[in-house]
């Protein structure tokens, strides 16, 4: 037995984030995932894409085999 | 740097749990704590007291340096 | 991506432990597993068997998708 | 109770790494620390310095309130 977890060191959005405020987004991921909270973390659209910015995770919620992140974008990488 | 975490293998209520439903309780703990979710876990009033029952944690929430647990008591140890 | 982990709250030996000293055992488990270290933890032969004793994990090693535990049995449950 | 852990998303050497092979280093850190293993991770000399390269952690060992990492440098940032 035991509880499966995944340790994550970046946020991969797959374009599924939902804006809740100016710079604050909600993202649901499958399974129970461990993310550093209140520590600058890379945000990417896919695992292999370039960094699209840096975020601070403000809230992590585990329930029903789902992890829900609330994160605040603190810097954005221009892609021009 | 890094994110301080505490790995917990039992729920220690210190009598601060709040009943939200028949067998479902909410408990706030200081700091970010890692608990097994959906796995039977001992519930105790204090760290050194006997087990008062067994619970399943249904939800774990991390925010503002606080961990909020929602757990369901699945068995109760009689203390008579 | 991310690193798969399993949070464990007991030691399940499946009879594969190797004695290295009087009360000290070595156990290899597949994958990367998180166990509480230096905290009393239940030892069982199988997931569903009764507790065979209590141990303190003294060392955890992760390498090549394997977790190697060194634990000290601190009490033994008689099964007579 | 519970087991204090620290979730780390980069390797901060403070110049204390020891070379064991061509690109392989050993580093001891105080306390029990959780690092992603076999996943590219930033290496820095101090928390605030620029990245000095990227490594793959090959082995993590917890014992006596110490974490010992074995990591392989996979790329080096020139600082000229």
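The letters A, B, C and D name the chains in turn, as written, and every chain counts its residues from 1.
Throughout what follows, contacts are C-beta pairs under 8 Å (C-beta built on N, C-alpha and C of every residue); 3 or more make two chains touch, one makes a residue touch a chain.
What you are looking at is a predicted structure, and each value in this text was computed from that prediction instead of being measured.
A.B. asks: Please identify which of B-D, C-D or A-D repeats the interface of A-B; the criterion is that more than half of the contact pairs agree.
C.D. replies: Of the listed pairs B-D, C-D or A-D, the one copying the A-B interface is C-D.
A.B. asks: With respect to inter-chain C-beta contacts, which pair, B-C or C-D, contains the greater number?
C.D. replies: Most contacts of the two pairs: C-D.
A.B. asks: Can you compute the centre-to-centre distance for chain A and chain C, using the mean CA position of each chain? Integer Å is fine.
C.D. replies: Each chain's C-alpha centroid was found; their separation is 33 Å.
A.B. asks: So what's the Cα centroid distance for chain C and chain D, whole Å?
C.D. replies: Centres of chain C and chain D (C-alpha means) sit 26 Å apart.
A.B. asks: At which residue positions does chain A touch at least two other chains?
C.D. replies: Expected reply: 1-3, 7, 9, 34, 36, 39.
A.B. asks: Would you tell me which residues of chain C are touching chain A in their complex?
C.D. replies: Contacts found on chain C: 1-9, 12, 33-34, 47.
A.B. asks: Report the residues of chain A in contact with chain D in the complex, numbered from low to high.
C.D. replies: That would be residues 7, 9, 34, 36, 39, 41 of chain A.
A.B. asks: Please give the residue numbers of chain D that touch chain C in the complex, ascending.
C.D. replies: Those in contact with chain C are residues 1-3, 32, 34, 36-39, 58-63, 70.
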